[in-house]
Every structure is written in C-alpha cells, then in structure tokens.
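Naming follows writing order (A, B, C and D), and every chain is counted from residue 1.
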Amino acid sequence: MPVYPPIPPLPAPATEVGDDRFHEECGVFGIIGEPDAAAKTAFGLHALQHRGQEAAGICSFDGEHFHSHRGIGHVSRVFKSDKVINRLPGTSAIGHNRYSTSGDTVLRNVQPFYADLAFGGVAIAHNGNLTNAVTLRQRLVGEGSIFSSTSDTEVIVHLIARAAASSVEDRLIEAMRQVEGAYSLVALTAQGLVGMRDPFGIRPLVLGRQGGAMILASETCALDIIGAEYVRDIAPGEMIVIDRAGEIRSLQPFPPQQRQFCVFEYIYFARPDSVCEGLSVYGARKAIGRELALESHLPVDVVVPVPDSGVPAALGYAEESGVPFEFGIIRNHYVGRTFIQPTQKTRDLGVKRKHNANPAIVKDKRVLLVDDSIVRGTTSIKIVDMVRQAGAREVHMRISSPPTAWPCYYGIDTPERDRLLAARYDLDAMRDLLGVDSLHYISLDGLYRAVGEPGRDPGAHRFCDACFTGDYHQPLTDRDSGPGPEQLSLLTEKRK
Amino acid sequence: MPVYPPIPPLPAPATEVGDDRFHEECGVFGIIGEPDAAAKTAFGLHALQHRGQEAAGICSFDGEHFHSHRGIGHVSRVFKSDKVINRLPGTSAIGHNRYSTSGDTVLRNVQPFYADLAFGGVAIAHNGNLTNAVTLRQRLVGEGSIFSSTSDTEVIVHLIARAAASSVEDRLIEAMRQVEGAYSLVALTAQGLVGMRDPFGIRPLVLGRQGGAMILASETCALDIIGAEYVRDIAPGEMIVIDRAGEIRSLQPFPPQQRQFCVFEYIYFARPDSVCEGLSVYGARKAIGRELALESHLPVDVVVPVPDSGVPAALGYAEESGVPFEFGIIRNHYVGRTFIQPTQKTRDLGVKRKHNANPAIVKDKRVLLVDDSIVRGTTSIKIVDMVRQAGAREVHMRISSPPTAWPCYYGIDTPERDRLLAARYDLDAMRDLLGVDSLHYISLDGLYRAVGEPGRDPGAHRFCDACFTGDYHQPLTDRDSGPGPEQLSLLTEKRK
Amino acid sequence: MPVYPPIPPLPAPATEVGDDRFHEECGVFGIIGEPDAAAKTAFGLHALQHRGQEAAGICSFDGEHFHSHRGIGHVSRVFKSDKVINRLPGTSAIGHNRYSTSGDTVLRNVQPFYADLAFGGVAIAHNGNLTNAVTLRQRLVGEGSIFSSTSDTEVIVHLIARAAASSVEDRLIEAMRQVEGAYSLVALTAQGLVGMRDPFGIRPLVLGRQGGAMILASETCALDIIGAEYVRDIAPGEMIVIDRAGEIRSLQPFPPQQRQFCVFEYIYFARPDSVCEGLSVYGARKAIGRELALESHLPVDVVVPVPDSGVPAALGYAEESGVPFEFGIIRNHYVGRTFIQPTQKTRDLGVKRKHNANPAIVKDKRVLLVDDSIVRGTTSIKIVDMVRQAGAREVHMRISSPPTAWPCYYGIDTPERDRLLAARYDLDAMRDLLGVDSLHYISLDGLYRAVGEPGRDPGAHRFCDACFTGDYHQPLTDRDSGPGPEQLSLLTEKRK
Amino acid sequence: MPVYPPIPPLPAPATEVGDDRFHEECGVFGIIGEPDAAAKTAFGLHALQHRGQEAAGICSFDGEHFHSHRGIGHVSRVFKSDKVINRLPGTSAIGHNRYSTSGDTVLRNVQPFYADLAFGGVAIAHNGNLTNAVTLRQRLVGEGSIFSSTSDTEVIVHLIARAAASSVEDRLIEAMRQVEGAYSLVALTAQGLVGMRDPFGIRPLVLGRQGGAMILASETCALDIIGAEYVRDIAPGEMIVIDRAGEIRSLQPFPPQQRQFCVFEYIYFARPDSVCEGLSVYGARKAIGRELALESHLPVDVVVPVPDSGVPAALGYAEESGVPFEFGIIRNHYVGRTFIQPTQKTRDLGVKRKHNANPAIVKDKRVLLVDDSIVRGTTSIKIVDMVRQAGAREVHMRISSPPTAWPCYYGIDTPERDRLLAARYDLDAMRDLLGVDSLHYISLDGLYRAVGEPGRDPGAHRFCDACFTGDYHQPLTDRDSGPGPEQLSLLTEKRK
C-alpha cells in the first residue's frame, strides 16, 4: 500500500461525526400584513433551523416602534416563551438564523441588524457573504462611521445611512450597488418589507402568500410550516418591495448576469421537503443517487445511507441498482452539544455516540455506503471502521457530490484548501485512506444531469460549482487585495 | 358518517407529535473490573437514552467509598463534563436513565438509590414496576422506617436493611422474594455487582464482557457503544453476582415461571440495532411490516413511514408489497422541549414543528402510512390531515402493533384505559375518526409470527401482551387492594 | 522582640475579614393560627439571617398535606417570589436558617427535616448540636434505619419513628430523652406546633403572640419584624405544645439542671435589638464596653469600633472613658461572596475590600480599637496594620470577650483548639503578634458583671462559658468514645 | 390638623427604605503603567460601588489590542473570577460603575464605550450628564452616524470619530468643546490615558500614584483600596494626558468658569472616608451635624441616626448638643434585591426588612432622628411610625441637607419636581405629614459654613446647589429646546 501524507487533524472541538461537513450560514424570513407576525416568523425560522444553529433574532415593527429580540442558540430556545413573542408586536417582522462565517458569535453580531437612521429605523438580515465587506468597512471607518459589530450586515446599513438618495428604497439600491458577493436579504422599514437577491442568484429566496400576508423565506419549507402558499422564487438581482398596504413592486436595479444558483443547496444544505428554483430537493437527491448507480454500480448485498443526509441518494441508488436499501447505521437521536471528553481509553467512542452500525444488517455483507460529501475525511474513516468492526465483508463508498476541493466565498463555511481531503489526494489515495474497497464520487456531468441539465456547459453553467471547480464568478476583492478580517476590530469582548 | 363520542383531549402540555406514545420507563447499566467505570457507564446510559429522558444517575465504588451523581435531564447534560466523571472514581459502577411512572421527578427520586446499611453501602437501580410497592411501603413505615423518596427502589433497599440474613446476597434475595411485579435490577455493593431479572423476565437485561470487565445492560446497543461483546441474556428469575475479582455466579432464587418478555420492546421501545432474547429488533420490525402487507395490502402508490418509529416496518411493508418506499414525511431534527405556545391562529402549527409532509412525494398519490401504534389518536389525526393538505389523493394507515386497549402495570407509562383510543372505539370508528381511507392493525397472530412463533398460544404465550389482551400474569396487589400511590407521602416539595 | 511560633494559616477560602469569627449555626421559627403562616415565617427567618446564611427552609401544613421548600443561600433568595410562598399553604409552619457545623451543605441536609411516619407527617428544625448524634445513628442503622442525610435532625426523627409511645408528643419526649447536647427545637405535626429547649437552656427560644397566632423564634427580633409581641422565653428543659385550636400546654419532661445560657449570644451572636432572657443585647454590649474601660483605660485620642460587631461595646467604652467615639474604619456595604483572587501583587488588598481606615480620623492619633473577639488573629493583624498605614500614632486593642481558648460543642462553629490564638499564646505574645501597643480582653468577672451577675461563681455560674474556660457541662459522648463524623456515610454526592 | 394634598405614591418597585434617596450615577477609574491594570481597576471600581450598582465594565489595552468586559450587576459579580480578569491583559485600563440616568440598563449601554476609529481604538467612560446630548445625537444621525446605544458616552465618541483634527488629543478637545453639562471622564487610547473634568468641576476626579503607575479615580477611597497615594484633584476644565511612558501633561482647553462642585457629594454621595477637593467627607458630615444642633437643638434623651447615611451627622449633632448618641435603629445586613411581595396583611413589613427600631433605646424616650435628606418622604413616614410603635415618647427629625426642591440635570438621578416633597409642601406641612414633633433642615448658610465657607454668597457660590435653589449654571439645551430622550431610539430590545 502506498504511503500518503497524513490527513491534517481536525481542530480540537470538532470531533463529532456530522461536523465534518460544509455548513450553511444563514436562513432569513420576513412577513408583512400578519397580526401574528413575530410568532409566524419564529415558526418560519424554526423550519429553517438547519441553515444556522448558532443564534437567532427577530425584529418587528408595530407602526410606530421597532422591537427586537436576539439570542444565542436554537430558535426554540431564543423564542421559547410567549412572553418573548409578546414583546415583538406589529404586523410586519423579519428574522434570521445564524451560522457564523465571519464575525464572532457574540450577541452584537446576531442579526437582524437594526439602526436608527435619519429617516427612521431599518432592520436588515441576510444570508450570504460579501466579498468586499472588509474593504468597504475600512473606507467607512475612515469617514467617521463607528461599527458596533463585525458582521457584514452592518456594512450594508452604514452604506444606507450615508447614501445620498432620499427614499429608503433608493438608498438601499445605492448601498447594494457598492457591494459584491452573494446575498439574499430581507429588510424591514416603517414603509414595508424588502427582499433582494444578488445579481447571480447564488443563495435562495422565495415569495409566499397567506391570506393577506406576504412572506419572504430562504426555503419553501418555511412557507409549509405556517401553511402559506408558494408564489415564486425571487429572481437573481431582483428587489421586491412590499408596502404596508400589501402592494408589491419588483425592481431590477442591477445589470443581468448568468444565473449561478449554489448547486450544494440540492446536495446537502436545503431541507429535502423544500423546492428550490422549481426542483424538489428530495427528488434531486434521489436522482443523484440514481446517477451514482449508473456511473459506478458493482455487486453488493445492501445499500446503506450514512444518516441522515445520505438517505435520499441511497434510496435512489437502491432503486436504480435493485439492491436492498437498509438502515445499517442507526442514528442516536439524543446527541447533545457537549458530553464528557473521552479519556485515552474511551477516545474512540466518540463516533458511536452519534451512530451505531446495525450488526443484523451489515454482518458478513458487502455494504455500499452512500454519503453526501467528504470534507476532511476524518469521520468517514471512523464510520467505515465502525461498519467493518460490525462484521461487514466489503465496504464501498459512494458520494453524492463531486470532490470538494475549493473553499466557498459565497456564504458557506468551508475549511481552508489545505484541509480539504480532495484538494490533497487523488481518488486512489482517498480510497486507501478511508479504507474502503471502492470509492466513487458523482461526476460533474452526472450532477448536472440529476438537476435537469444535459451536463455541465463549461461556458455557461447554470449553477455555482466553485467548490468543485474553483470557478469563481464573483470578484473576491477582500481575498485578493483587502486586509484580513482579523483586522476588522482592535477589540476583543468575548461574552456578549 | 356515524357520530362517535369525542376523543378525550390530551392533557395540556402533551401537544406534540410523538408524545402520543407509550413510554419506556428506564434503562440500567452496570460494570465491574473497569478503570473507567463511570465514563463507560455514562456512554452506556447514553446508548439507552431512548428508555428514559427525564433524569440520569451513576453510582461508583472506589474500594472504600461510594460516589454518586444524579441529575434531571439527558445523560449528556447530567454528565456533560470530565469534572463530573472524575468525581466518580472506582472500577465498578451502576447507572440509570429515568422515565418516571411512579414518584415525581424530583432529585431524591432519581436512581441509583443509595443507602448506608449496617454492613456497608448498597446502590440499586431498576427498570420495571413493583405491583405491591405501596403495600410494602406501608408495612415498613409502620415498623419505623423513614422513606426519603417515593420511588419503588427505596422499598427494595428498606427490605434489604431489615432483612434477617447476614450476607448482602441473601438479604437481597430475602427482599426480592417479598416483591411482586416486573424488574430488571442492577445493584452495587462493596463486594461486587449484582443483576436480577424478575421471574417472568418481563424487562430485558443482558450480560457483556470487555477485556476483564463484565457488564450488565438493558440492551445490546449499550454494549456496542463501548465496543463490548455480548455474552448472553440474563434468564428470567436469575440473579447474577460478579465479585471484584471478576468471578461470576448464577443463582435461581425463585420458582420457575412461564417466560413473559414484553413484546412491545420489539414494536417500539428497544433500539433497532439491539438484539433482544436472540432476535434483532430491526429485523422483527421489518418482519411485522411484511406481515402487515400480507394481511392487508391494497393498491397504493407509495409507502411512507411516520418518522421515526415506523421506518423499519414501512421498509418491510414496501419490500413485501413491491410498492416504493419514500420519505413522504420529513422530520425536523431541531425540535426542542419548549417553544412558544401557539396563539389561536397558530395553534395548528404544532404538528408541523416536528414534521412536514413532503409535497413532492405525496401530492396526487395514494399514500400508505405506517406507524408503530396509536395511543390516544390525537396526533395521528393531525398527521393524516397534514398529508391530505399536501395533496394526497388517498391516505391509508397501517399499524405495526395490535390495538392497545389495556394499561401496562409492568413498567410502561400508559394512559388510563378510558383514554386509550382502542379501548373506546371499534376499527370502523377509529378509521373514521382518523380520517383515513383504510386502517389496519397487525393481528396478534401476525405479531407472534413476526417474532418467530407459529402464532399466539392462548394457554402458553411466550410474551407479555397484556396491553393488547388485558391478560395480566403477575398479581396487581396495589391496584386491587392497596392504597393509592397518592397516599405515599403527605409531603409536597416540588423543586428538588 | 521575642520569637513566637507562627500563627497557623487560615484554611484556603476564609481569607476575608469578618470570617475570622465564631459562627452561630442556626435560627428557628414556628407559627400556628396564622393565615399567612409561610410568609410570616419567611420574614421571621429573614430577621434571623445572622444566625445562619448557608441555607433556609420552610415546611407548612394545610390541614391535610405538608408542604416544604428548602434551598441553598439567603432567605431572600430561597423565598424570593410569591410563587414559592404560594406553594406553602396552611395556617402553621416552621422554618430554619442553616449554618452547617456538621453535615455537608447539600440540599438533603437543609432543615426542616420532614418524614412520613406511621401516625402522620412530622417536620423538625433545630438550633444546636447533639453531642451523641453519631453514636445514636450507628445504633439506628444497625436496627435497619436508612438515613437520607448526615444532619443531627434526622437522628431525632428516626428516634421518633421507632419510639414505643403512641402519641406524637410522647414519642418526641421518648426521643429527646435519648439525646444529649444543646438544642432549641421546633416541630410541626398535624396536631400542632411544638417547641423544646434542652435542659440546660444553652440556645435561646422565645414565645410570641400576634392576634390569634402563636409564634416560636430564636430571638425577639423575629417577633419585631412581623409586629408580634413578646410573651416569654421558653424555659430550659421545657416542652411547649400549641394545638391547632390555639391551646398551649407546657411540659417539663426532663429533670431540672443548672441554667447554662450561652454567654456568647450577648457578645456576638444575637442581634443587638433582641432581648435574650430579659436582657437587651445592645445594652449588654455597651455594658461590656463600660467594664472594659473601667478595667483597662489609658490615654488615647479616639475610640474606634471594628465594624460592625464592635460598635456597641465601643460606644460604651467611649461613654465610660470620655474619649470621642468615631468611625475610623469604614465598612464597604457591597462586599459579595466571591471576587477575583488577588495575584501576588494584589494579595494584601483583601482586607480593604471590606474595610478602609478613615485617614481623617486616625492620622496622627492614638487609636483604641474595640472588637468583640479574636479567633485566629489573622484578620486582626491586617486591620491593625491598615490603621497604622493610615497614620495612627498608637494602636490599642480592647476585646469585649475573654480569650476564646476552647472549642464549642454546643452548636457554634469554632476552629480546632490548636487554631485558636488564645489557646497557643499568652497576652504579651498576642499583643506582639497583633502589633498593638496594648491589648486587653474583658475579664470573666467583668463579663458576668456586664450581664447582671455579681461576678462568675465557679460552682454555679449561670452561663455556658466553656469556650473561655473549657468547663463543659453536658456530656461529649461522640468526642470521647464515638466514631468520627467522617464515618457517618460511605457516600459522597457533592452537588445536591 | 390641616388637610394636605396627598404624597404621590412611589413608583411600584421602589418600596424599600433607602430607595427614597437621590442616586449618584457613576464612578470612573483609570490606571496606566501597572502590570495588573485590570485587577487594580476592579478593586478601584469596588471601592466606588456606592456611585453606581447597576452595571460595571473594564476596558484594557495590551499594546496591540483592546480588551473589554462589561456586565449587569455589582463589580464583584461582573468581575468575580480570575478568568475574567485574565481576559483583560495590558498595563493600562479604564473602568466604570453605572447607575443609569439616561439610557436603559442593557448591556450595550454599559460603559466603557469602545470604538474602532480610523486612527485606532478609543474607550471612554464618564460620570455626569450631558445636557445637550439629544441635540448632538440628532445632528450626528442626520449626517449618517449609526448609534448602537442610547448612552451619552457614544455621542462623545461619534464627535471624536468625525472630528477634523488629526491627533487623538485634539479630536477629543474638538469633541468636548461641543458638549454641555457635567462630566468627569476617563479615556483610553493606544497612546495613553486621558482624564477630563467639565469646566465647572461639578463631578469629582482625582489623580493618584502608586510606584510607576498613575491613577485617575472619582474618589480617594479608590486610591486607598489599592494602597496608592493621592496626588491632587483634577482641576475644573483640566485635561490631563498620561502617555505610556508615564509622562503627564496638563491642558486647559476651555475658558475658565466659576467652580461649581456638587455639594451633595459631601451630604450623601461620596464615601465618608474620601477626601473631596481637600475636605474630609466624614468631617464635613459631622460639621453639618454640629451646625444642625446649633440651629435647632431642643431637649431630647437620645440622638439616633437613620442608618447608614445619617450616622456622621448624628455623631456631630450629639457631640455639639451633649445628648447621648445611640443606635436606636438597627440595620439588617442581609437585605437582598428581591423578596416575597407582601400580601395585604404583610404589606407593612417592608420597612422592617431593612431596619428595626431597637426598643431598649427608644422606649419611653424623646428621640431625635438624623437623616441626610428627604426625597419623596414615603420611607421617612414609615421610619417615624416604626420608632413610635417601639414606644418613643417624642420623635424629632433633623435633616443634614436643605430641602431638595429641584431636579438635578448634572448626573444625579432625581425624581420629577412634582414628586419632590419639599417642592410641594412647606415645613409645617412636611412635619405633619411625617408625623414628627419637630422637623428642621440645615440652612443653606449652615451648609456652606460646614464645608468651610463663611456662608452662601448668592453671586459667587462655590458649589452647585441647584437641587436646593434651582440655580442652574450650565445650559439645559435638551430640556429647553431639544427633543425628549424617549425619541432617542425607535428600537426596543429589552434583554441584552
């Protein structure tokens, strides 16, 4: 067996199975014309919890004052009581789930970000990442602006505060024309609710309706939870303005661009019951599984998903291949955030806290595992080992994404390139490192086929696939010329 | 449509999907001859978390002193830090997960129960329910014993304290001969570790080994998590004594009885990756699904499990029937204990906090739902309604247990009889109340076939099925003649 | 200057000024015939907070059930909300403040101690210390009793549970006849409220009345706070029984003994506004100050109390001597329990957290400090040093108690003998160690004169003064022959 | 007896004795050249705790980064652990105690206020109140500034951020020249430590030294606690700049003004062991007591202070009059923030939670009470009643301040005018309302004599006495023409 350079160790705290994934950064929700605006927003954020688990916040407007409540933790913890919701009166509200990619998770960084401006209050929440935020921030500080957070969102608000235009709407357009990167944004003002998607449409944003109320949300599952109906996706570069009378206007303040929706939303980020840009996420995942079977099938006894993200692709694979689908790995539903640190002796028990191989299924079998991605590889190694210890005769691995070899700058938390397994090893090396009998990733063309394209058109591909290809369509100003984000603030204040 | 008496409403707090089930009461774990005894016990309890989520405790013995830590909440919360584990030194330990069926969940009721007796300390934890506990307690109080809890376990310890025999072992036997009901018990003394199963073998208890350490646990998944090997099940009525030198003795202090293992362990309680009395739980569930298909199949488009307990039976049903298996109901993984109370308008959103119908799967389809049981029916009604709202053309329901019409007195938390749907309505009425196009429960004989019997032998059935049949094999002294448990204590002290 | 053996260091956590004192162990309160029984008890305990700050508890009886709430911390924290009080309904209640002298401060040790006995419930709280508690406990465990705490109070309850007599009253008498040591006890049963004082009358207990309600309390200040009137002191050895109809009976179950009221109650423990056995505590302290001046006056410029306990004696000294009384040491009212641990550099700042010398008063002056006692001496040294650093020309020290050279076994927390400064050094040595220009303790006869006696009659002294004389009147069974209290339990369970 | 209009009731929560006072708003502390800068600052703030108890914060600078920790509560709670202090490295630091007069006590309002400006970081903490803060804030928001708090301090920082000057020093001067009102300010920059006092010198600020470290503090008691020596008071209008090399420069950026030190610092705010502008606070209070006796003495038996603020004046009164000084009211040291709300029956017990009349002192006596001030009068009425109930034959009241009839706009929390007793009633009416036999306030001239003046010179009085006279020397721009502070923010966000 050849000798490979070692896999870099995971950073200390991330020893758990399931942490070895890309992480979505945020979910947004907005509603107007609804007497229970804050409660509905809390439910919407709850449905979007998978997009960000570190913090949550809601800002409402009651016709006179804005009301805000933000906190660290899951939505159901931050908004656990009626008392909290009752402090958020009004018929319009926006909300946000946070997974931090930039800025510490201290309370002042939790969105929505609110500011009193000369013309009134404005609250903003966004999903995405600005690629020139640090550069803009330096310019603004030089002009006398004072920042109270290190989040991108505050940059947008300062741009609005200093804009020359007189209407809120025009000020927001003026601000967003200075901004680069990916964003799906909701804003709340005394006039109404605003939604915007960046010109490339990288992150999702949909419009819904429930009776007289209009809703903006990252995914359709946030419409389902409150029983609202899906109207349409916000278009790339579109700005939609809903006033308090319910009137809707659609603006197109940016020049048109090649659509670049993030294909990883289909692979892993979005909830399986959501429909993104017209395509069922669950259906797309099953289709990828079918493509995987077509590309790489070989004789095995059982198809086993790595819970829970590998399940639809494994079902698709099993259907296409005719091999039985079985839950050969059982997930423990009671895994909390913290637990005793294993001593030397119990160190290897970590993986089993979350999963257990089901010996009745895998013993003496040729097992084909299906997972959605391999980021650093550390937990895949442990899962393969666990399945072998439970008696599997062969272990094969199928991955429902192409190799992830490039970091994302558009709102997904990815490791540095030198920590990505696929950036450092070829397929044979990865197969040996994982200890599997065979390893196959879906091909780029296979992936495009699964989401309804004839294949990937290198000149005009409809999806952002930079994490597989390094093909970045948006400028990366801060990365290329800007100061490091570590210079954003001279202050440390940990516990806020 | 006929008019039926109304379903009694759920008690106020239990408004969530998934709460409308029977609840297992406890899991036990014991280990001896292991330097990391307390840490391994914590991992074992974590694997048994599904058997009781209200409280957890561990008691260890270091050769001189006993050390105990107990707390309210999940295992990973009660034992969240190394600091806690380090306060539990020693090479032997027992642990317990609690779901209270009798006694408030105050800290003094959390097991293991420890007492300093004249001959030394003893700690006891048990899974089950004593059916003459109140009667015994009254006798003991009359003799001058003072109880510090309202848990059954303390009755056992007082019986030991007052026993005439001289050895701990004989005192324990003397105590257990006075006790009626179901129990699987682990005890820790200065001499060693003891395990006992009631003469009918109602609750499970298995023996494992890992190097020089011996282990007792409610289920094999608690052996898997620490990498221990399964040795055998403790036999009904067996008392197993493992001393600190590792020597094992097996005693049979009771007259032999007809084996009565709880069949609901296969249907719902046990973890799918466990093997109970030689039979894979996952396999048994799939077999029930297959029997269901044989008994009741009709033309549908898709087989959809009610997550998560209906999944293996649905897989079995789909295999047997040839109908595609799909995740037509998506479970939200981020459901916490508390959340805002819905107002009038948002009241019906409760069910959607936990689940969402996947419209891509169920829309315009004939859907067959598979669930493990119906207790009060309230949440089944909501799930059916949710699936219909998502566009299903037909909704059929298959249940992988017979109708549950009788309360359990042997360690399972069941509602009073008049709250059990199947005790008040016949099949047609239930079908109408649930709003399904067809409803079928597995037959008693089908259930016995699925777990390896030719059918149910009314004279000598191998399993306790009293919750379906009312056929109670153990005496119910407290129920028939004893005082109510509400007279156990004149004291109320809520927050402890 | 002669060389003295070093003062033993204080135990680690007790680095604060003011901790270098004897500590009272408990305060008790009971009330019957009062609709707001629990609220009045909480106020009474609040007035008795100085007698014990570690924990507090109240047990009430509503005619049918007993209700208990106990917690760690001050009364105002344990009973901070109406909600807690409302969980304690009934017209009779007893309460307790704890300063632990034996038994860990875990919740199970917090009084009142409640038990369901064969004849009904009984709750007991006591102030004092049983000198044969360990011996009794061992006997009871040998007979099959199970203890749930390590507190003395539980011993009393077990003796009641096993008593042969039939009435609660006779059972209590039977129990207390087996007990040795000091106690003032309140008990609550379904029949009524009971108060008892040990035959020597070491600890205080008074009877009060408010409308139709009767009250028992450690001190009269607990009557004042609720506006009740003082009736009389409970006599040594008296048992007073108040039934629910308000009828009072007085019993004398013990043979008469020489009265031995703790003289330290006058010196330090009792609140200055209380009246103990007919004598104002404030008046007694001023009288001691006057005796001190008569015994030891010399020319100084200012009399300065060490706050706050030295204040009345300093006033008395100033009045008798004609020297101005001034607050030369200022107390910081905002001292909390914990604070940053000083580094090497800031280590000496500890004393200044609590007090500061007032330079305007002490600079260039001959200062006479008055304090109530010196236990280990460590903080006195720091205070003297602080006053000198503020510019005092001379520093003299007067102590309003005789030298404390013997430990107390009757309910006061005192260090071991070899840690008591006065047990190891003579007056000259102490003067040199403290760094004062002169040092004088009140004489024993002077102390007796101040509390109304002609002097101390060695054969028949009216007060317990064992901490000054080693003259113990009650047997010390556990100390002389019993096992150590460390053998009370084989269990450690820290956080309860 | 005449009929008077009723005293307006206290706002709901302020039912406690001692809350019926004026409240100081803040204390500040700064240090440079000290390895333990943050620890020393925490001790200094602890000594200044009486100036503000709602929140505390420290900001340190380690030569590269600023570090901040702020929290709600007392200093000893916010900085309770070494861990917190260790997160504040560096040899310079500033700190602040807050009592909010403007701005909610939410964390974002807690000082020091820090901002990253174009030239580096700056942290500011101040004691006082800006009388044109709202006006300035509106101007800044109009120019595009975004405020993250509602505190005055942020206004100063925005003025610095937008200043035209290039050096930090000049920017600070430029900012402060736009500001009106009272302030004593400390600022921390990468260059060093800055202290400023407003041109009228209303609030105190002193300079101290300890070895190579230089210190700024509101009062000398903060120097005493760390053993530092007092150097001098910062002069009115002075700006003192201490660089990291220890070099000190004194600037006078403002035109000179008539000195207007707040005379209430002597009466109540400052700690008795502090020396303000050369005069001992304790000495000043005793002198006021002596003046009171000269102005108003009549035959009584005992002089009793209302604890604790009346003590020095009562001592002075007793010395001058020759009447014995006694502690006739005992203060309970264990009063916490919250406690059970009294029911109808126990409502009057509130006052006794904090104090008890000592019957041994007041019974059958002519009692003269000395207190520092009467704000609304509600608690004075209760105290007088308590003393009468304890048996006093006569009760006289002497107040060591003139009648407080005007609100303070310079940093003290005072009620609106119509809630001030002395603004609504004349002396006879107040005497009758309080229920005393005689009532006397110190005269304005008597007060000036006590603090070393010949009397009050109406044309050039050295002290700010606006709360007695309504004679405001600083402009009140916001009050006279500005918007209400309630318009500062459109946002409510309570729990931060």
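Note that contacts are C-beta pairs under 8 Å (C-beta built on N, C-alpha and C of every residue); 3 or more make two chains touch, one makes a residue touch a chain.
By chain, with names taken from UniProt: A, B, C, D = Amidophosphoribosyltransferase.
If you're wondering where the values come from, they're calculated on a predicted model, not measured in any experiment.
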Steps needed, at fewest, to go from subunit B to subunit D via touching chains: 2
Interface sides of subunit C and subunit D: same vs different residues, half threshold: same
Gap in Å, rounded to a whole number, between the CA centres of subunit D and subunit A: 51
Chain centre separation in whole Å, for subunit D relative to subunit C (CA means): 37
Averaged-CA centre spacing for the pair subunit C and subunit A, given as whole angstrom: 62
Subunit C, residues touching no fewer than two other chains: none
Topology of the chain contact graph, where touching chains are joined (line, ring, star, complete, other): ring
Which pairs of chains touch, using the document's own definition: A-B, A-D, B-C, C-D
Touch list for subunit A against partner subunit B, complex: 35-36, 39-40, 42-43, 46-47, 49-50, 53, 74-77, 79-82, 84-85, 221, 224-227, 271-273, 275, 280, 282-283, 308, 311-312, 315, 319, 324-327, 330, 332-343, 345-346, 348-349, 352-353, 356-361, 389
Residue numbers on subunit C that touch subunit B, as the complex places them: 64-70, 87, 107-108, 114-118, 120-121, 141-142, 144-148, 154, 157-158, 161-162, 488-496
